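You will see chain A twice below: alongside chain B first, and alongside chain C after that.
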Partner chain A sequence: MLRVRFHGRGGQGAKVASRVLGTAAFLEGYYAQDFPLYGAERRGAPIAAFTRISKEPVLERGVIAEPDIVIVMDETLLSDPLSSPLAGVREGCVVFINTTHSREEVRAKYKITAQVITLDITKISLDILGRPVLSALAGGVAARLSGLKEDSLSKGVEKETSEIITDRSVIEKNIEAAVHCYNAVESHPHPAPLPSRGTEVPEGEGRKTTVITVPFEPAITSSPAINTTGSTPMRKTGNWRLFRPVWDYEKCTKCMTCVARCPDGCIALNEDGFPYTDYENCKGCMICAEECPVKAITAEREVHSW
Partner chain B sequence: MKKEMLTGNSAAAWGVRLAEVDYIPAFPITPQTEIIESLSRWICDGEMDARFVTVDSEHSMITAAGAASATGVRVFTATSSQGLLYGFEMLYTVAGWRVPLVMVNVSRGVSAPITLEADHNDILAARDSGFLQIHCENCQEVLDSVLMAYRLAEDERILLPVFVNMDGFQLSFTREPVEIPEIEDVRRFLPQYQPKHAIFKASQPMAQGIAVLGGPVYSYFKYQMHLANRKGLDVYKEVSKEFERVFGRRYDAVEGYMTDDAEYLLIMTNSFSTLGKAAVKRARESGIKAGLLRLRLIRPFPDDDIKNALKGRKAVSVIDQNISVGKGGILYSEIAGVLYNEKDRPLLLSFIGGLGGKNISPGEFDFIFDSMSKAADTGEVPAPQLLYTEAEWKEMERLKKIAGKM
Partner chain C sequence: METITIKTLKDLPPEENLLPGTAMCAGCGGLLALRHCLKALGDKTIIVNAAGCFTLLSIYPFTPFRNSWLYTAMASAPAGAQGVRDALDILIRKGRISPEENLKVVVLTGDGTAYDMGLSSTSGAIYRNLDFYYICYDNEAYGNTGFQWSPSSPFASKTATTMPGRIIPTGAELSKKNLFEIWRSHKPPYLATISPAHPVDLVNKFKKAEQFKGPKLFISLAPCPPGWGTEPSRSANFAKLAVDTGIWALKEAVYGEIRHTFIPKKFKPVEEYLKEQGRFAHLFKPVRQEETIRKIQEMVDGYWKEARI
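The block that comes next holds the complex of A and B.
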């Protein structure tokens, strides 16, 4: 069985990528299973999706803790502890990262011992589709690394995008982009062949678990109430952001409309009375830019910088 | 016949479409919504000829479903967890009306604390309502069970509503290859619903769902519901045989997996049974004579099938993905009740696992097999055990600390 795990942000296309791969494998005659995992849905939040491909019926469900292939569609997730795309990665795994950097740079930066493959699929997406929607492209990369045929990939992209896109030309472009990525990855050394490990269950953490007897605890402890204050700041929401608001103080009139309109209370005033936002928590909703009467706020695309 | 990658939710919707249902009252709730979204799209696109009505709540939804069914049309509806509980009063009511509607429940842990993933406290809360209950392990089974459910419900010996249950997320959002049957085959198996007992004609007035005052009359009707539900055991056998004849897939009320020579059995339900089967395969590889019994029909409860399947085993572990707070595993109690008067009965161990969708890892299954083997050696049955790992406890300790709990 081959286990593939996709990491992306809500809206990037990780779920559809896992479906493109699942359908491609299914059309090629394998048993396939795919499954997305997200909590309370929102754009920009880290999500994961899973595809299992096997010659035998799949006797697994849910999350893949020990993947053979990891597809990281958004590089910023590598430093996000809530996403942990490298969890369960061992020697012999293949980690694909969507980045402008080389694989040597990425391996060194994130201390990855497994095989790393990189490609800037966001750029390919912008070039071919004109938008950073990565589902078909990540599906193309995964199909290549899983050893599936190009034809199965094309059919998989066609089937999955037809469910959500009505414009035929956009479907064609998605197929083109997926096939482009499929072949771009080919030039990398050592693509993983399909069915790597035959065992139904990974030999890892799962088998070393200790089952404990949960003790009684009094209600003051065991009721679902939070007794402390100030825990909310521990949950940084800035990583949901696709765009960041940037102020032009030349234009800003200090009217404070943005301060009043920010739904998360992220915007404060500096010593000179100019507004600034708390980028650790600003979700990038861009209501401030929408509301600014003098258009002093612009939306800049979030790019991971080292 | 075509095979496609479908989620559990899509498979349910396909079952409803193929059953050529007439009326669908609907109200959305995660993780069920995809079912009614698919149906409303098909009806909108003219691919399905049915009336789709959105209502203000699950209480109204179940009432509308029951009332429509009483007029003699084929009715479907679906919900999950909180929605099921919100409509709870009407479950008993429509079952008492003896209307053969089919309802899918997508299991999700019940609040509070609120959660999204599956356990079976929602559907098992409805176990005394009069509905028959079919619990599914995979997406194919969901589609097939919807078709079987109408045959059961509409059988004149039964005339009770039927639940088809699947796990939220683990099945509702998981895609697997599913065979979509041909409509001609479905029509052969499930002809149009033409009841003789339910009439909606001005020229032929009748009263349904009448009031009764007084215990003897009430007792009669209530006990007849029970007998009709129990009659479901026989009717189920006929229906599943007929289903196998038409579609080639076999669904027994209780499924045995590697049980033939098994000394140690797991008893599970729903999608986590897949994990149990994998555990049984691994246990077999390490020389343990393991097997798994999956309960598919839970109402009526298949007492005799369970009795027969457990005869001569050394030890049996019931894994309840539910908890009757103040008692323990619901199915454990029911199975213990089945076994009490048997002379040759196995040791019966109780485990609670997978609450709120918590994974049951291979290590936890190893623990269950170890516990069974120890119990068989000593003759002593351990206390009921929650499946909970040290790592999960450590994480809970960390969270409690943040919450100022210690």
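The block that comes next holds the complex of A and C.
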């Protein structure tokens, strides 16, 4: 069995990528299973999705703790403890990272001993689709690394995207982008397979129950209470950003529109009355740039620099 | 009583009572509205939050607020507010806290709670003349669980449970529930609609509401990029278009007496608001649903015709 784990940010398409791979494998005659991990998070927040591919029926359930292939759709997740995309990666695993950096740079920076492949699929997505939606592209990379055929990938992308997109030309572009990524990466050997779990139930085991008595606690200790106010800035949502707003103070008229339109309250005024944003928390929604009446704010592609 | 009104964006209160770093989506229109509401309300508040997207504002161990926050089930936020209000009143009466330490009790819910699950407990609280604020961030569906249809979803919108298809090409067949009128029938001291794209109007409404004791209710349109199928950068723009097309009327009602606070000089056609949103895309592609678009325009025209009498 091949176990593939996708890590992305909500809205990038990690869930659909896992479906594209699962459907492509299914259409090629394999048994396949795919599912996302839902948490109490949303667009921009770390998301994981999983695909299992096997010649035998897949009886294993639950999240994949020991993947053979890991697809990291957003490089900033590598330093995000909530996401931990490298957890459970063993010798011989294949780790794909969407980055502008080379594989040697990434291996050294994050001390990865497994096989590393890098490609800037965000750029490919912006070039072909015009939007940073990576589902078909990450699915394309995963299909190549899983050893599936190009034709199965195209059909998988078509089947999955036509369930959510009505515009035929957008579906075609997604297939084009997926195939482009499929051919842009080389196939890599898979690590030695781990035994499949869930197929055998040891006799007489696993049915023993131990009752744990939880002592009564008053509400003040048993319910979660937050005693420090105004602490969310520590979460640093700035790494959600794909584009950063940059102000041109030559053009800025200090009209306050950007300050008034920022949903996150990240924009403040400097000593001279010019607006600036808190890049540690700015999510890059770019409402400020859209709303600026004199177009003094431009969007610059965020490239993760070390 | 005369209230001080502000005129421009430069007069907005500079204090930020809602800090960055929340788990809300980039470009969340509801968050933008809430940010301005909390600027107007100040930091002496206690928020009673019903389950919804804004559940995720305070995820243990983080909170974006400078004030207290209490979490309730969807249907019971006004009941929670009653408990908090009573507790504050008792503490003040017993001299345990000074009247200066009094807090404004603010219920915060989405449209699923306000229009649907929590309607009866809200009705009860208004009926009892509970002294509280109610802010509804209305993104016109059950957004937190994947954008399923709610009674606030507008006619002909696509939600996860009103998918336009061969048999029902329009999407949602029913019209948006008129929560403003339902609440207004209780004749609360203050009731208003607000928009994140009109922060000056929003802040002035909160300032005006301050003078009243009793329920002070606010409904804000909340553009929702993932649910509406729009770019995060366009949220403020769609909030503005909703007002400029007449779809989202900015108004207030003092003890039931309605006054429109902003009437566009020339209304834009509703099509401008609809055509760029994913949730209305089926009205334009692959076949233009002329009849449905006209019906939406007629509903809006009908509202304003009636309102100007």
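The rule is short, and it goes like this: the second predicted complex is superposed on the first by the 254 of 306 C-alpha atoms of A that agree within 3 Å, B and C clash if a C-alpha of one lies under 4 Å from a C-alpha of the other, contacts with A are read in each partner's own complex, and residues count from 1 in each chain.
Quick note on the criterion: a contact is a pair of C-beta atoms (placed from the backbone, for glycine too) under 8 Å apart; a residue touches a chain by one contact, two chains touch by 3 or more.
Not measured: the values here are computed from a predicted model.
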Who does A:293 touch here: chain B (first), chain C (second), both, or neither?
neither
Is A:81 in contact with chain B, with chain C, with both, or with neither (first, second, both, neither)?
neither
Report for A:232: first if it touches chain B alone, second if chain C alone, otherwise both or neither.
second
I'd like to know which partner A:11 touches here: chain B for first, chain C for second, both or neither.
second
Just checking: does A:212 make contact with chain B only, chain C only, both, or neither of them? Give me first, second, both or neither.
first
After the superposition on A, what does A:60 contact: first (chain B), second (chain C), both or neither?
first
Return first, second, both or neither, reflecting whether A:29 touches chain B, chain C, both chains, or no partner chain.
neither
Looking at the overlay, what does A:263 touch: chain B (first), chain C (second), both, or neither?
second
Between chain B (first) and chain C (second), which does A:45 come into contact with in this model arrangement: first, second, both, or neither?
second
Can you list the residues of chain A that meet both chain B and chain C?
40, 224, 226, 228, 231, 234
Chain A partner, complex, touching residues on chain C are 8-10, 12, 16, 18-29, 31-32, 35-36, 53, 55-67, 69, 196-197, 199, 225-226, 232-237, 281-282, 285-286
Using the touch definition up top, name the residues of chain B that touch chain A in the complex.
5, 112-113, 116, 169-171, 173-177, 271-272, 274-275, 277-278, 281-282, 359, 361-364, 366-367, 385-391, 393, 400, 402-406
Give every residue of chain A touching chain C within the complex, in rising order.
10-11, 40-45, 166-167, 224, 226, 228-237, 240-241, 255-257, 259-266, 278, 281-287, 289-291
State the interface residues of chain A toward chain B in the complex, per the touch definition above.
19, 22-23, 26, 31-37, 39-40, 58-63, 200-201, 205-214, 220-221, 224-228, 231, 234
